[in-house]
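Shared between the two complexes below is chain A, which pairs with chain B and chain C, respectively.
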Partner chain A sequence: MNSVIKGASYVLVHTPDMVLYNGTTQTTERIVNPDSEYLKEVPNHLRSYEDVVAYWPNQTYIGNVHPDQLAEVEFPWYDKKMEGADRYGKYGEIMPEEEFLFLVQASDMFEVVKLEKGFVEKYKDQFAKNPIITEDIVALTEDGVELSEIEALINDDHAEPLYFENQLVGCVKPAHDIDVNLSAHVMHENLMSKASSVLALLYGVRNAGIDKADVEYVIDCAEEACGDMNQRGGGNFAKAAAEVAGLVSASGSDARGFCAAPTHALIEAAALVKSGAYKTVAVTAGGCTAKLGMNGKDHIKKGLPILEDCLGGFCVIISENDGVSPEIDLGMLGRHSVGTGSAPQNVIGSLVADPLDKVGMKITDIDKFSPEMQNPDITKPAGAGDVPLANYKMIAALAVKRGELDRKELANFTKEHGLTGWAPTQGHIPSGVPYVGFAAEDIKEGKIKNAMIIGKGSLFLGRMTNLFDGVSFVIHGNTAAEEEAAAGVSEEEVKGLIAKAMKDFAATLMAE
Partner chain B sequence: MDLENQKRVKEFAEEYGAENLVVVLGAAEGEAAGLAAETVTLGDPTFAGPLTGVQLGLAVYHVCEPEIKEEFDPEVYDEQVGMMEMVLDIDDICDEMNAIREQL
Partner chain C sequence: MAILEGKKAIIIGDRDGVPGPAIAECVKTAGAEVVFSSTECFV
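What follows is the complex of A and B.
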């Protein structure tokens, strides 16, 4: 029997100070053009925490707003606020920066994260009060240190500064004197990814309604690499985050594949569970500081706030078939192979049409497609267009070419089978997975019967290959009852058929 | 345009001569196509890459423009570009490309 989606979580962390100090658009500008007007403008274009919480796409990401509801909100969204927006949602939360820095310290096992005394006094209780943060996690934080100690670590030891409201409140020390892979910069980047993954895991377990000890394996599918100079990508973020989240029964490993990694990881998790290797697997990813403010120049040029001010994270819990939850169908996987070619036609064909051909389905038989779900509010002003819509147009065009859709229906198809994008442009975060939580619910509620999750990855960015990559899978309703019934009925049917055949035979004999 | 790609275009122009190069773009948006075209003709408008202030003046077309389309075997074109042709706003792309070329 297929594995099921037991639960999903989606979290955001508002990190405005890291936009300026850790996003590569800004750090590159500081090297190339240190006195630039752009860098001076950045602080004036950062959003407040309240604005980030009231932002419609963010409310969609954490589950308070359904994508269909978001599609009804007039575009653009950056200048509109959702009334009564809550930092907590059914899938997760939007954590403020001051609380997150404590989670980062709790996630640090080598005492490289130092927080200033006054900051700790002021905000530690706020962190501890968060219902998802358990006492064992709070116990992992340290006492605060003097500001002078932090300043000395930054000036003499190349520590990476930590800011809150543009004030120095801490630092991340290097974990080695000369190893660049353990430098303060790398430790900072990795700890932010790890801590946001911890948050996603905590909500993932809660949302799945399981015990922490039920998770037997964790797969991390973010885009960072941890290791030392002898094994740059040694790993293992998955087990490291599981430790902080208290998943005591879990081992784990990291899956990498740029933006395609979450979809790869979900297929791997579903296969591990279906094979019987593990009963429950968590697929998790934290966010990426480097991508903060990635399109900041375009946003500022067009008078927008910097919309890439949050780290994203997600977790999907895959478990044995429970007879209720939606299934990941391993019988119809799409994959872009080495020989597929890179023309968009080949790419979409391999990911969308080929898996459907395997089971005799048409493109129009899939109710919803979830490809690259980037928020168009972010990408359109940056000249990258509406990314999900571009994907839907390609899928529709392929359906037209295959004779499965009338050309006149092209625009309708993008509405009926598509979704409006809402995910932050954090690479792997918007790729296919943002809809998994909603898809599972929509299927359970009978709103849709199936959904295709598509992950695509730009492998050429790593300069190891010019190839593109991608995989896809289909989620549909639970078939356990049907499978069991089919197995039962067929035996009786066979018996019935034999009895009928014997009677008919006897009747023919008697007639003769 | 990606900084590494700018570097490669610049190197090709030095190696083969600007007059012997044609840049063929595949961008999905008119604006993105226009930016890339501007970069390889008038210089990098974002002042970030190796083509900042370098006016290569290269011949540049989008793969969906008629001048390039007629160079292809129609069957190959349909197989490789046909689907995208249905999806892209070709008029917008052509307008952007022509606007850049007119500045040369």
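What follows is the complex of A and C.
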């Protein structure tokens, strides 16, 4: 039987200070043009926490607004606020920066994160009050240190500063004197990814309604690399985050593949569970500091706030078929292979049409497609267009070419079978996976019967190949009852009958 | 198509649009010489 989607979580962390100090658009500008007007303008274009919470796409990401409802909100969205927006949503939360720095410290096992005394006094209780943060996690945080100590670590030991409201409140020390793989910069980037993954795991387990100890394996599918000079990508963010989240029964490993990694990881998780290797697998990813403010120059040029001010995270819990939850169908996987080629027709053909052909379905038989779900509020002003819409047009064009859709229905197709993007441009975070939570619910509620999740990865960015990559899978309603009925007598029933016959036989022998 | 005949082409493709190698194939058939072709990810 197919594995099922037991639950999903989606979290955001508002990190405005990291936009200025850790986003690569800004750090690169500081190197090449330190006195630039852009860098001076950045602080004036950062949003408040309240504005970030009231932002419609963010409310969609954490589950308070359905994508269909978002599509009804007049575009653009950056100048509109949602009334009554809540920090917490059914899938997760939008954590403020001051609380997140404590979760980062709790996620640091090598005492490289230092927080200033006054900051700790002021905000630690606020962090501890968050219902998802357990006492075990709070206990992992340390006492605050003097500001002078932090300044000395930054000036003398190349520590990476941590800011809150543009004030120095801490630092991340290097984990090695000369190994660049353990530099303060890398440790900072990796700890932010790990801590946001921990947050996603905590909500994932809660939303699936399982015990932490039920998770047997974790797959991390973010885009960072951890290791030292002898094994630069040694990895296992997965197990490292599982430790902090308290998943005591779990081992894990990392799946990498740029933005396509979450879709790869979900297929792998579904296969591990279906094979019987593990009963419950968590697929998780934290966010990426480097991408903060990635399109900031265009946003500022057009008078917009910097909209890439949050780290994203998600977790999907895959478990054995429970007879109720929607299934990941491993019988209809799409993949862009080495030999597929790069023509758009071939790309969409391999990801969308080929897997459907395997089971005799048409493109129009899929109710919803979830390809790259980037928020167009972010990408359109930056000149990258509406990415989900571009993908829907390609899928629709292929459907027309295959004779499955009338040309006149092209525009309708993108509406009926598509979704408006809402995810932050955090690379792997918007790729296919943002809809998994909603899809599972929409299928359970009978709003749709199936959805195709498509992940695409820009492998060429790693300069190891010119190839791009992509994989896809279909989620549909639970078929356990149908399968059992079709199978007739189950294995369990046969075992029961044999056991009873042997018991009766033994009883007869005893009587004799 | 004649506008590309004998020209040198620099191609920047889009992962979510038309990738570089696909544009290169078209441009070559139109008689241009591809001097640089790359696919970029704009998200």
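Everything below uses one rule, namely that the second predicted complex is superposed on the first by the 488 of 512 C-alpha atoms of A that agree within 3 Å, B and C clash if a C-alpha of one lies under 4 Å from a C-alpha of the other, contacts with A are read in each partner's own complex, and residues count from 1 in each chain.
Note that a residue touches a chain if its C-beta (ideal position, glycine included) is under 8 Å from a C-beta of that chain, and two chains touch if they have at least 3 such contacts.
Everything quoted here is computed from the prediction, not taken from an experiment.
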item: Touched partner set for A:Ala390, first chain B, second chain C, both or neither; value: both
item: Partner chain in contact with A:Gly339 - chain B first, chain C second, else both or neither; value: neither
item: Which superposed partner A:Gln374 touches (first chain B, second chain C, both, neither); value: second
item: Which of chain B and chain C A:Ser458 touches, first, second, both or neither; value: second
item: First (chain B), second (chain C), both or neither touched by A:Lys297; value: first
item: Which superposed partner A:Gly360 touches (first chain B, second chain C, both, neither); value: neither
item: Which superposed partner A:Pro430 touches (first chain B, second chain C, both, neither); value: second
item: Touched partner set for A:Phe468, first chain B, second chain C, both or neither; value: second
item: Chain A residues contacted in one complex by chain B, in the other by chain C; value: 343-344, 383-385, 390
item: For the chain B and chain A complex, residues of the former touching the latter; value: 28-29, 31-32, 35, 46-48, 79-84, 86-87
item: Chain A - residues contacting chain C, complex; value: 259, 341-344, 347, 372, 374, 379, 382-385, 387, 390-391, 425, 427, 430, 456, 458, 460-461, 466, 468
item: Touching residues (chain side chain A, partner chain B) in the complex; value: 28, 32-33, 297, 343-345, 348, 383-385, 390, 393-394, 396-398, 400-401, 407, 410
item: Complex contacts: residues of chain C adjacent to chain A; value: 13, 15-22, 25, 38-43
